[in-house]
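The structure that follows is given in the form of structure tokens.
Which chain is which? They are A, B and C, in the order written, and residues in each are numbered from 1.
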Amino acid sequence: MRFNRSNTISKSAIIGENVQIGRNTIIHDNVVIRHNSIIGDNCIIGEPNAQSYKDDGYKNARTEIGSNSLIRSGSIIYSGSLFGDYFITGNMVSIREKSVFGKNCSVGTFSDIQGEVEFGDYCRLNSHVQIASKCMFGSFVFIYPMVVFTNDPLPPSDNLIGSTVDNFSQIAAGSIILPGLTIGKHCLIGAKSLINKNVPDFEFHAGNPAVRIGKVNHLWSKEDKRPHYPWPYNFEKNLPWSGIGFDEWTKTEEGRIYAL
Amino acid sequence: MRFNRSNTISKSAIIGENVQIGRNTIIHDNVVIRHNSIIGDNCIIGEPNAQSYKDDGYKNARTEIGSNSLIRSGSIIYSGSLFGDYFITGNMVSIREKSVFGKNCSVGTFSDIQGEVEFGDYCRLNSHVQIASKCMFGSFVFIYPMVVFTNDPLPPSDNLIGSTVDNFSQIAAGSIILPGLTIGKHCLIGAKSLINKNVPDFEFHAGNPAVRIGKVNHLWSKEDKRPHYPWPYNFEKNLPWSGIGFDEWTKTEEGRIYAL
Amino acid sequence: MRFNRSNTISKSAIIGENVQIGRNTIIHDNVVIRHNSIIGDNCIIGEPNAQSYKDDGYKNARTEIGSNSLIRSGSIIYSGSLFGDYFITGNMVSIREKSVFGKNCSVGTFSDIQGEVEFGDYCRLNSHVQIASKCMFGSFVFIYPMVVFTNDPLPPSDNLIGSTVDNFSQIAAGSIILPGLTIGKHCLIGAKSLINKNVPDFEFHAGNPAVRIGKVNHLWSKEDKRPHYPWPYNFEKNLPWSGIGFDEWTKTEEGRIYAL
């Protein structure tokens, strides 16, 4: 057991059993951390918004971190966000207010989630990812380094409009998604793409600006004995179809929900 | 009132009235923080340069943070920089030595200002922005995520030369500006552009490498009833022409200065 | 001398003579910091991996930081990495497990080294750089802002394969290197390139996707009186051929090793 609690925990925080909290970490009012979770050193959980500095009657919105989560050192999570079980972050992530993550999601080092975004389950964000507010994501969406989701079509404006990404889609490194677009399910966005139009289900788009390259199942790897995409047939690490295969899983009660 | 001062403040720092300073924050020698400002947790203000570790006679250059500023948690600001009133940062920004920001500027989370840069008033930098040293910016310049301003034409070299950007120009997400260029006033740089030549006033350039697309006033939004650019006619949030309109403001004493 | 040690240093850490360690900094088990090195404020050195939270018998892998190093404030370095003498970081870098850096290397602010990477000597990484695991670099390789080295050809997969870069090559800002490629020696990768094939020695590639532009020695600057590349003939700041010239240095015992 690693920590020797020299941190500051609000009296109104609810800390589950077997939770470990690192040095110099601050847990603000109205934070719930469920059992078996770990919060690293120098973290701030439930950071109040700027209103709190001015308003003596300020009440901090509820922040919930699910069980078995790991928030790595230096991360700052604002109040009013909800995280499912098994949530994992890299070091020094910033997550602003009113974001919702389902279970088994991860957010990489130096990623900046700007608040009011929604992720389903089993989403994985790599490092240096930025998600503008009002974007929505399904489940099993993986986002690679330096990807930016924007929300202002003609900046600056007050007409902010997020994009949406459906289940199982993959956004490769360095891509930028312009505002208000829809990326379907099981899509692949190639590295360093500028996405400026909608991407239908099962399509591979790439380029600056991106164009339709074809169906995702045209992409093979040397190691696979079939097309690499839809990728769940070829990758199962820490995923719910591990050991039984994607097809079998889609017949289970859980799998049916996501695979529709 | 939020903080319970367990921080370390230099005796030579000058702290204005009603300033709040977070936990574990360090305020170094010769820092001035003007009234009503807030410095979050785990910040370092007036960080001495590397010389300070070796030289017992080291004197820390003066750092000034204007009134009503908000430096969010985890930010590191080196000594010798000057910030006008109402300066705002995201979390974990890094600002190196001898930078100057006018009033009402903001710098987003994970942005890296490399020192010896100059910004006018009302500039807004989003997250993950990097500004190389020796770049100069007018006022009302907005810079979106993952934009890089470089300063070395043939790296590595000792011939560093920054770029300049004039008033009201907008640099969209993911763009890179090569060294030594001039971007005029009221310009728009499209997302993910590589700017390798000067951009005249009121022009829209985009692409990799960027080309001239046309005058900015060819861009309309669905919501606007006229061209979106010059944008001050369509956006006024927290800006000095709020309520009176851009044209009226340019006739005021303040407006005349910027709008020339 | 700057610090007033209110930090936490493991009893098993070995701290050399004249080492300075900042406030709130944590030095974990089995860390070696050699003489004359400086560790800033709020750093974590030798961060144990996630196993340490669960396993009471966990032993932290050895971490070594060479002499005369400067780890700037807010940086997090995991256990099991080795750094040569004169290692320098910016603020808030993240370096994961089992990475190896030779002597005189630097890693810029907000850079994310994902572990199991290898750098030779005199490598310089600017800010916001991301290096995926399993990448290998020679010596005198300079990497500019927002560059990403990836390692998964068809994400997500288990077939991770890093790229390699040979001595003296330069990777300009905003480029992405796809997995499993070889970049030769004395190459130049232009800004904002997507590298998707090997780059032979002494070549200049640029674009999205990148194409061969020509030999590097076609590039001149106004200031140089000969081609700018190979750059060691025109740049010597803090480099071992400073004062004697690159040609003379390549005849020395040290120079012969790198210049082969």
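Keep in mind that, in the parts below, a residue touches a chain if its C-beta (ideal position, glycine included) is under 8 Å from a C-beta of that chain, and two chains touch if they have at least 3 such contacts.
Predicted model only: the values in this text are computed from it and were never measured.
Undergrad: Given that subunit A and subunit C are copies of one sequence and touch, is their interface built from the same residue numbers on both sides (over half shared) or different ones?
TA: different
Undergrad: I'd like the angle of the rotation relating subunit B and subunit C after CA superposition, in degrees, nearest 5.
TA: So the angle, rounded to a multiple of 5, is 120 degrees.
Undergrad: Where the CA atoms of subunit A average out and where those of subunit C average out, how many Å apart are those spots?
TA: 28
Undergrad: For subunit A, jot down the residues that touch at least 2 other chains.
TA: 24, 42, 74, 92, 110, 128, 146, 174, 208 - these are the residues of subunit A that touch more than one other chain.
Undergrad: Could you list, by residue number, the parts of subunit C that touch subunit A in their complex?
TA: Its residues touching subunit A are 8, 24, 26, 42, 44, 47-48, 50, 52-53, 56, 74, 76, 92, 94, 110, 112, 114, 128, 130, 132, 146, 148, 150, 153-159, 174, 176, 178, 194, 208.
Undergrad: Under the definition above, what is the set of subunit B residues touching subunit A in their complex?
TA: Going through subunit B, the ones touching subunit A are 1-2, 4, 20, 23-24, 38, 41-42, 70, 73-74, 90-92, 108-110, 124, 127-128, 142, 144-146, 170, 172-174, 191-192, 207-208, 219, 221-224, 228-229, 231, 234-235, 237.
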